[in-house]
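Both complexes below contain subunit A, partnered by subunit B and then by subunit C.
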Partner chain A sequence: MKMIKIKAGELAPPSIKSKTANSFIRNNWRPIALISPTIIYLMLITLFPIINTVDLSFQNVYLTQQFKPIEYIGLKNYSEFLSSREAHDAMIKTLIYLSGIIIQVILGVALAVLMNHYTSHIKGIGVYRVLLSLPIFVTPFVSGILWRYMFGYEFGLIYHIGSFLGLENILWLQSSSLVMLTVVIVDIWQWTPFIFFIVYAGLQGLPKEPYEAAYVDGASHWKTFRYLTLPMALPIITLAAMLRFILSFQAFDTIWAMTQGGPANGSQILPVYLFKAAFSTFNTSYASAIAVLILVFIIIIGQSIGKLLSKEVNRQG
Partner chain B sequence: MKFIYKINTVLLITVLLALMTIIVACTQETSNEQSSSDNTMDDASKPFAGQEIDVLLQRSGDTEYLMDNTDEFTEETGIEVNYTPIAYEEIQERTLLSLSSNSGEFDVVNPFTEMIPALQHSGWIEDLNKIPEEYNVEPIDLDQFMQNYQDYYTFNGETQFVLFQPDTRVLYYNKTLLEEAGIDPPTTWEELEEAAEALTDPDEGVYGYATSTAQGPWTVLTWLPVLYSMGENVLGPDNLPMLDSEAALEATEFYTNMVHNYSPPQGVSMDVFEIEPLLRDGTIAMATIASIVNDPNIGMMSYPLYDESTDRTGSGTTGGWGFGIVKDSDVKGAAYEWLRWATSKETMKEAALAGRLSPGRMDIYEEPDFQEANPNWEAQMEALSTSKMYFPLPVEPEAQEILGTELSRIVTEETTPEEGLDTAQEEILELIKGGGYYSE
Partner chain C sequence: MENVKKRSVITGYILITTVTFLFLGPILWALISSFKPKDLLYTPSLIFTPTIANYQEAISSINFFSHLTNSLIISVSTVLICLILGLPAAYGFVRFKFKMKNSLLFWILSIQMLPPIAAVIALYDLFLSTNLLGTHLAVVIASSIFNLPLTVWMMRSFFQEVPLTLEESAMIDGCTRIQAFFKITLPLVGTGIATTSIFVFLFSWNAYLIPLVLTNRTTQTLPVAITGFVSDSGVMWDQLLPASMLTVLPLVILAIFIQKYIVRGISFGAVK
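Entry: the complex of A and B
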């Protein structure tokens, strides 16, 4: 096959002065040309909304009051958020909600380790895996409605189980002090399989040799887990936890279907607070400020976890 | 050489595709013009034949009827109708996002009443009085609709909506339970409390009273009839909120006591859909909820008065649904024709019979078949036609959120009625001042 040579350098943008950049583009112009539409598209659909949201957060835009002139009001939306009693309450509720991730990680890792260890011992292991995965496939809004009825007073399954155990009159969804626990329980039910699957897939890829050596040395199950599995699986566990952490800030549907953030704002976590600001009170700019703060928070925590993770991986060599 | 051949092939295909697109587009345009001119020649009584309208509506039994029976309208007028039915929970976001972005997505919208001030002040909705003359269509007889709603739908002299399916908050009672206990439907607060006390028997699983207390608009909407029954209002002269008044406090205390003393344990956070089945099966004897229950064993009345001498300010708030035409629509004539059909006596009656039995036209309540289907028609008509909007300002969504949260905090005993109302008063006043709707 005869190759047609085209002088790639002719296509390089004249503005690029650096010799290295020039040679990089000259050598890679085909992949760059092929990938650039995707990059431009992704920049448009991610960067533009982010810039627009940041811009909105400095204005006084209300969806329902578009007849009013739009003004730049500086950091007023941010200071309002930081001084708002309701926002503080939502932040505390969010921390309670996020604490559920710790339980999800512990349960997910435990399940993954058990399932990985007993893969060859249990018949029909695939069936168990499918059963474990079911909660992830339930649409969050549907799961909210489902659990709302399950926790329903008098008629709900949980109420009856509670009565059977001697725990009557528990207002799972009607008590503002108990409702957050209910939400966390539902979240654990739905998202533990998410951690399980990621960690399980990671465990399947671990090398067998260290385990064989440990077996020969007579290491106990616990020591094998503590000194082999856990250090080797730590990056994947951290990754799963980080993904779950980021996804938690998208948590809305289940809580909305169960309680709409009530009673008395008892289950109003930040995403619910943001939604209410945007679509119950139509304060677009204030909602944008909350969204920006959440984004910054996720980036900071994500970066910190990422750094910790790479340190740990480096430490382990 | 092969590369140049490939480029030529690609160019040829591109040119051919472009040519085909142009040819198809031109043919379609010609065919549209042809069809339009054929229609004009064939039937002069169908001035909007061939036009398409897009209608955003709330999904309910009533609107299902409209959607299922549009064929006859299309046959009569030649107007095609595309419906986008949306659940109640989503219609506010969808309507406002569509209108605020000037998407031109819908020609007709179906907002609930609390959305009206925002739509009116934003200037998104067409004046319905202008359309008949402009498009040479027969006007809708607006005098047939409940005037309290139509007054509310009129802004700066422009009638922007036509009432379709109103609702308000009323007191329902289980006739069997009251009859067995020898109790007449209560007409005053005192009688209501006495009846609730007499009917409450937790050991038997029967509770005297319940109301929608779930956080959100529901708490506000069921609290309003209590305040109105004292002859009071939320807003005073010049839009000054009156939530720190003695009357508001007394109304709130009564509202809360009824929930705490005579409702089932979950009564501090229940919605209408949880209460309705319990009312029907006799677990709850009386309930203040939306006027949507149709059951021969369930009686209906306006919320009992503070005392016999009180003149109520309204039965409850003006809830429900109306239709309006979007100002940016380029098929306003066709949209108006559809609106006239959808709100005609015949269509609305059939829709009501298929749905909530709560039509917006007064003349339907006089129809024997409607009266037969809805034994509570008299009480319903009275409650609906005396309902009143509590917060006719564009900042209503924010105010409702503030008041709803505080009432939920009061009912769940997170705060006291005094503190909760003071907080609501302070925040709503600030909101109103910020919006420029009140100045000291």
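Entry: the complex of A and C
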């Protein structure tokens, strides 16, 4: 059984030790043959879009004006974005949207602790799990539709419940100042289960002994959570929160289904703003500049997620 | 003591059932409403004779089956591409040691984190210039960008669970490395392959932005096609609700099969 061994800290890599330059490939032909198709494929289909997006962002391309001479206009799209009022507004809306993640994490952890506490006592826990996982799996666009129906003015279930309670004039989707709250509520519905499942799996993997000791010592539920569960589960909670955070720029479908960014741009977060710039006003280059800014942001956040994930992966072997 | 415990379990049941219902609410409400006669659609009434008339109308008015076929073609092809490329790669990452292994792995993961919205303009441009815009192939290629990394990472976590010694002993018994892989390892990761396929199928079935931009009227997937019920003048709820339910029905069924592996799927195999 031959294994290609490249030990960390070896003085010279095998490619230099070997007699011919090709021997690195000869020694490693198996992993190269297995992995290179994926690497080459991904490089081909991601490098082009990324380079093209960066390139477009320095030009003045309009989708509708294919035959206009293309000019490089430097950083003009970026400066336009940074000085645009609508863009500022979109950034503020994005921040409001992101703040919902805090609530999702708190609720997700609470639900995980609750479920973990009762796991062995409750029959049919599997059924609850299936049902709770549905918000994760329902087509995000359809989720938007479902909630648009729930919040519908004068016909939605929430409107009916509201008017039963005497609150009939809440314009969940029609008021540009209230609509972000609605979006955040829907997001909590969609993503709390995501946090819950990851944290719950983490809690199930925690050692049992400290809890028995705490029980013997008569520690309260809160103290057990605060001084045992929370410190032990913190890495997994952080991981779940970070994953949720990085996926937040995929938030387009649900909002598009509910409001299309409206009313009066009231729910226009950055991805929606980008989409409208690209496919409603057809300002391809301007939209590309926004895409580049989002990419830079994702790369920065992605670095720290990578570190967290590799810790988790190494810990589990 | 025993009494207190019993009471706490009942509290647990009530709490968990309530929370579950809150999360299920919107789906359940839309499901119930999709069977309502049109005149009751805008009322909270729960007393009605269920009808499938709305389903029939929805199916005939958007050419439902051709969009269903599009969704199936695109999702199944994405699964196949991801498995063909991703399975060997995942195996390679688990069983071999080589330079830059970890950086390559995390480079692959970073692609998963790419938001489709940041890539969609360039993809549109790419497929426009290669005359592929509006084809199934364009959507399949684009959606494999976001699913191949998931495949590699998930399959990696499944391959890791197969002890190397099993393969080694098969090779001592005279199998070649390739025979050992096909006879020993592959059957052991069967569940893993099925689970990964379901996740990829699910995510490409659910995609909206990419097919919205890359398809045309004849190649539209189901989620894109149901947008047709939403117009500036209003929403045709009577048909949109049944069409939405039909779009998510396969997912609900698939979600049951991957229960054990949900966490692995949403954390790229990092949390087991």
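In the analysis below, the second predicted complex is superposed on the first by the 269 of 317 C-alpha atoms of A that agree within 3 Å, B and C clash if a C-alpha of one lies under 4 Å from a C-alpha of the other, contacts with A are read in each partner's own complex, and residues count from 1 in each chain.
Quick note on the criterion: a residue touches a chain if its C-beta (ideal position, glycine included) is under 8 Å from a C-beta of that chain, and two chains touch if they have at least 3 such contacts.
Please read all numbers here as calculations on a predicted model, not as lab measurements.
Overlap between subunit B and subunit C is detected when the two structures are superposed via subunit A. Once the two complexes are overlaid on the shared chain, A:S133 sits against subunit C while remaining clear of subunit B. Once chain A of one complex is fitted onto chain A of the other, the partner contacts of A:N28 are limited to subunit C, with no touch recorded for subunit B. When the two structures are aligned on the shared chain, A:M150 is found in touch with subunit C, with no touch to subunit B. By the touch criterion defined above, A:I305 lies against subunit C but remains apart from subunit B after alignment on the C-alpha atoms of chain A. When the two structures are aligned on the shared chain, A:I294 is found in touch with subunit C, with no touch to subunit B.
Judged by the touch definition given at the top, the superposed model places A:L274 against subunit C, while subunit B stays out of reach. More residues of subunit A lie in contact with C than with the other chain of the pair subunit B and subunit C.
When the two structures are aligned on the shared chain, A:F245 is found in touch with neither subunit B nor subunit C. Contacts of A:Y41 after superposition on the shared chain: subunit C is touched, whereas subunit B is not.
Of the two partner chains, neither subunit B nor subunit C is touched by A:Y78. Aligning on the C-alpha atoms of chain A brings subunit B into conflict with subunit C at a single listed stretch, 81-89, out of 81-89, 117-125 or 333-341. Of the residues of subunit A, those at positions 4, 152, 154, 279 touch subunit B in one of the two structures and subunit C in the other. Residue ranges on subunit B touching subunit A, taken from their complex, read 2-3, 92-93, 96-97, 100, 118, 121-123, 213-216, 264-270, 274, 394-395, 397-398, 401, 405, 408-409, 411-412, 414, 435.
Here subunit A touches subunit C in the complex through residues 1, 3-6, 13, 28, 30-35, 37-39, 41-42, 45-46, 48-50, 52-53, 56, 111, 114-115, 117-118, 121-122, 126, 128-143, 145-150, 152, 154-155, 157, 160-161, 189, 192-194, 197-198, 200-202, 236, 239-240, 243, 246-247, 249-250, 252-253, 256-257, 271, 274-275, 278-279, 284, 287-288, 291-292, 294-295, 298-299, 302, 305-306, 309-310, 312-313, 316-317, going by the rule given at the top. Taken in their complex, subunit C has these residues touching subunit A: 9, 12-13, 15-17, 19-20, 23-27, 29-30, 33, 41-44, 85-86, 88-89, 91-93, 95-99, 102, 104, 106, 108-111, 113-123, 125-126, 141-142, 144-145, 148-149, 152, 160, 168, 171, 177, 202, 205-206, 208-209, 213, 223, 226-227, 230, 235, 237, 240-241, 244, 247-248, 251-252, 254-256, 259, 262-263, 266-268, 270-272. The part of subunit A that touches subunit B in the complex is made up of residues 2, 4, 63-67, 86, 152-154, 169, 171, 173-176, 259-266, 276, 279-283.
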